[in-house]
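What follows is a set of structures to go through.
Each of the two complexes below includes chain A, the first together with chain B, the second together with chain C.
Entry: the complex of A and B
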């Protein structure tokens, strides 16, 4: 087939142009801004004052930023373990010839197509509300003291946030795992069954080792998602701009870049530095995952 | 072959079109209403106004009517873009990018401070129009303090704060006078508790911050609170511990609802459900409670009481307002000012106050909506204004720790000593 180069140029030029203007330019500007002193995001370059690495040094000495990083790490570790395990479990069950597979798959995936604001509002009002939420009513049936638990304040607030967020994430990773499992050859399972291997053995000895590549993909997506954690945190701290137990680096970045109701101080350069640090964090995690998890070495 | 080229061209145009469409905003623009009666001939001038309201809000409806009336009277069109509260984040980049905007509104301190470089100095226009005598002095002074005496904002829809209470519950409990000291407040709480209602409630976040902030400011004054926060002197200021003990007492004695501090807006809604008698909050609360619960309450108001040996009394309160800014680069500054004047004074101002039960901005409008009328005498005698959350949210790197300690204190997870220790350790 003859390649029509004019056609390629015709379609690629607008896309490349838009990519450069809308994506590349802001990225480069943000990186540059993080080495200057800048108040507002749109301040003219002539007003910028070069400060070198000062923003990064200050940031790494700012307790609230470090605490937001700790929250992010907790979400990544605890949430990651929970989401990956549950997703894998559902994927294993649904790829095992279960009747009504499509129905269950759809039901589990549905939270992913609902807006995060709507999802969090549902959790906050319908599940966690301490007067009429589901958990309150459920425990009240048994006259349990747990009915009085306040899921939306104190130390438990972070965990209520994590549970709600993870609930919405399971379907997405389950689909990826299902895709990975379904591409494995049924011959291997057939042979294993003839050899007397139980379903559990087949899963641990065949499925899991052959899903390494899929795990790598899932962990990368999970890391990107957690680093960009913002909306759920905002919903959990409303009407405040942020709260210590649920703040994340992007929430801090938003507050410092645009100011808050009670604090009009803005530092766009510091916000840019947070953005750059987060991008670097994702890259480090990506390289670590690639280094630690080798690709599938068995041809399927 | 020709067809193929045409197809390619069409595909290219569609692709670019789709990209550009995707880049478009979701702003709701106003549509001019049918103006009845005589209409001035169009001057061809159009003013662009980026509004902090959403088109469905009560304030928006009143502003839209005012814009239509202004167009009918002058032939100048006001093109309102309902941006919502995000105008705070959008306005600076838009103006820096050369967007033609003539008017925007936001919190009046935000305009006076953060966005002042984009705002025109309206001191002279205000003076020539005699507008200052219609403006609340405490707001004008605060606004001017950010710009060396220059006024860069025209405040409207002011708010105050204090304790909003259900008059019927006070009467049922046999309470005849509102408390003026903290000890009297405790007595009132005791009487209300004995009458079988929750004396008080609060929402976590701004609600609890106000409780602790007010009590601290009554002991120390606004400057004292800021000094303590900015210099981390919590352990060195005995009044800080005393204020924390006072607030802890309200919870420990059972004067607060069992749900307090509640997740917003569950706390304030307790007043609407007739479960609780009092709430410390800003003057938008009566309207919010009515909107949320449909309750018909006869609202009373008293300022947060004074404390023994304190710096401030009932003459000090957290007050604020929204404000209008005329963009420095606008070609139609005077026209923008004239329009703003029609909104912040006279009939439109009164209409807005009644639409959302808020305080009229125009001092000549002496008839306050019933829900907030209890605050009127105190508001007019007020001589000192507190910052938002009484300054507890002033320090961006520190505010979340203060709020965390306040949350723990109000949940009685820590006592006053623990509260001071938590903040001294920072």
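Entry: the complex of A and C
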């Protein structure tokens, strides 16, 4: 198809141009920037001062950054386990011939299509408000002391944030798991039923092992999502711009590069170093997932 | 008689799955309850909400909350902005991605695999990796604070995802159409516009909806590139309403604003849930 060369070039150029401007050039510049000392985001290249690995070394000795990494790890591990278990459970229930399946999965997915700012406002007010929230009213019903809990302060704050975030994520991973389960051949289950395997046994012995590939996809998406954790953290620290208990590396990077109220310390190159560290983290997780989970089965 | 037997059998089966119904049902009830409470609160006065009486409507329905939110809280501006950003991005990214996906999906040429892999890598790249140089580019071109720069970045951001999604659609089409068109003397570019693009319509609709919703719900880029309220989209806009609420104490107006922000995507989703859900289940790609 030699004569279509012109068409290939014409059709591909706009997409490649956008890709270069929005992704390729920025990535290269961010990597380069992380090895220099740069104060403002838009400072010209001529004002940059090469400092080697200094930014990374300083970063790994900054308590706020290390705390933000710890928060991110907690979200990844605790949130990840909860979301994967619940969505897998829901997927198993819904693919079992439950009446009203379409209704259930539509409603469970709803939080995913609602703006995160709107969604978190709902959680903060309707559920967690200490005066009129659902949890307050629920515990007040039993005259329990728990009704006095303030979910938006102290050490509980992180957990209320995590619960709200995970609740919304379930629908998405549930749909991916359902897609994987529905692609498995019904013959296997028929054979297993004839051989006398219970539903639970069928799930643990047939469904789970065959879902490895799907599980890998979910873990990858989850990791990418957690690295991008930003808006929920900002909502939970409002009216402050950020707060230690809910700060993630993304929020930390935003604070040091774009500056927040009452904080004049700005260091763009350090922000770039945070970005590179996050990208490397995703890469490592990605390789670990691929190394640990071998998939020779259903691919999503 | 037979039908009756089948229905009792089905009823018994559903009864056996009662724990399943209970678990999933409670989860759904919680979600619907939360949305319903917000809508109820958006029609109540602030003192009623504070007393926890949002569901009583003792003083009737207060639709003026919506008028307040729409005008005084500037939601109208954010709403129109988001509509503009989402529509332009939807059209723009399709215009760029559909032709690219077509040649990537149907032609064998050097670099094809490389481009595809580049797009997939771009999809999993954390936004913090690209935001700083983009901001400096925009400053150098003195474009910060204009709507154009945000639209341009949004379109570029959606290109890898849109292209990757459409590649699988184009490669699943039969080559019979192109062969027939070639025999009839139709040039390949015309074949694409007149024959192949209409055939890929289901995929284009699905990915278009996803892009619209993604941009409607986008937060970070709008926060960085829309420095003033007149360019803000609904995400950062709603957050500024929330911040202002601490001083005005207008809870009713806040909830009305929340409803206005989530209603478009909710209605879109409920109308097109079948398309959207099958798009996610089949592709396993972020929507």
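The criterion applied here is as follows: the second predicted complex is superposed on the first by the 290 of 300 C-alpha atoms of A that agree within 3 Å, B and C clash if a C-alpha of one lies under 4 Å from a C-alpha of the other, contacts with A are read in each partner's own complex, and residues count from 1 in each chain.
The rule is simple: a residue touches a chain if its C-beta (ideal position, glycine included) is under 8 Å from a C-beta of that chain, and two chains touch if they have at least 3 such contacts.
Keep in mind the model is a prediction, meaning the values are calculated, not measured.
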Quiz item: Once chain A from each complex is brought into register, does chain C clash with chain B or fit beside it?
Solution: clash
Exercise. State whether A:95 touches chain B only (first), chain C only (second), both chains, or neither.
Key: neither
Quiz item: Looking at the overlay, does A:230 come into contact with chain B only (first), chain C only (second), both, or neither?
Solution: second
Practice problem: Give one of first, second, both or neither to describe whether A:55 is in contact with chain B, with chain C, with both, or with none. | Solution: neither
Exercise. With the two complexes superposed on chain A, say which partner A:160 touches: chain B (first), chain C (second), both, or neither.
Key: neither
Self-check item: Which partner reaches more residues of chain A (counting touched residues only), chain B or chain C
Solution: C
Quiz item: Given the touch rule stated above, what does A:202 touch, chain B (first), chain C (second), both, or neither?
Solution: neither
Quiz item: Which partner does A:169 reach: the first (chain B), the second (chain C), both, or neither?
Solution: neither
Quiz item: Taking the superposition as given, does A:255 touch the first partner, chain B, the second, chain C, both, or neither?
Solution: first
Self-check item: First, second, both or neither for A:25, with chain B first and chain C second
Solution: second
Exercise. Go through the superposed model and pick first if A:127 touches only chain B, second if only chain C, both, or neither.
Key: second
Quiz item: Just one of 4-12, 58-66, 148-156 or 166-174 in chain C hits chain B in the overlay; which is it?
Solution: 148-156
Exercise. Starting from the residues of chain A touching chain B, keep only those that also touch chain C in the other complex, and list them.
Key: 7, 10-11, 14-15, 18, 22, 41-43, 131, 238-239, 258
Quiz item: What part of chain A is in contact with chain C in the complex they form?
Solution: 1, 4-5, 7-8, 10-12, 14-16, 18-19, 21-27, 29-30, 33, 41-43, 89-90, 93-94, 96-100, 103-119, 121-123, 125-127, 131-132, 134, 137, 170, 172, 175-176, 178-179, 182, 214, 217, 220-221, 224, 227-228, 230-231, 234-235, 238-239, 249-250, 253, 257-258, 268, 271-272, 274-276, 278-279, 282, 286, 300
Quiz prompt | List of chain C residues in touch with chain A within their complex | solution = 10, 13-14, 17, 20-21, 23-25, 27-28, 31-35, 37-38, 41, 49-52, 54, 95-97, 99-100, 102-104, 107-109, 115, 118-119, 122, 124-137, 139-140, 153, 155-157, 159-160, 163, 188-189, 192, 213, 216-217, 219-220, 224, 234-236, 238-239, 242-243, 246, 251, 254-255, 258, 261-262, 265-266, 268-270, 273, 276-277, 280-282, 284, 286-287
Quiz prompt | Sites on chain A touched by chain B in the complex | solution = 7, 10-11, 14-15, 18, 22, 40-44, 62-64, 67, 124, 129-131, 148, 150, 152-154, 237-240, 242-245, 247, 255-256, 258-266
Self-check item: Contact set on chain B toward chain A in their complex
Solution: 8, 11-12, 15-16, 19, 23, 88-89, 92-93, 95-97, 107, 109-110, 113-114, 203-206, 258-259, 261-264, 266, 387-389, 391-401, 403-404, 407-408, 411, 413, 426
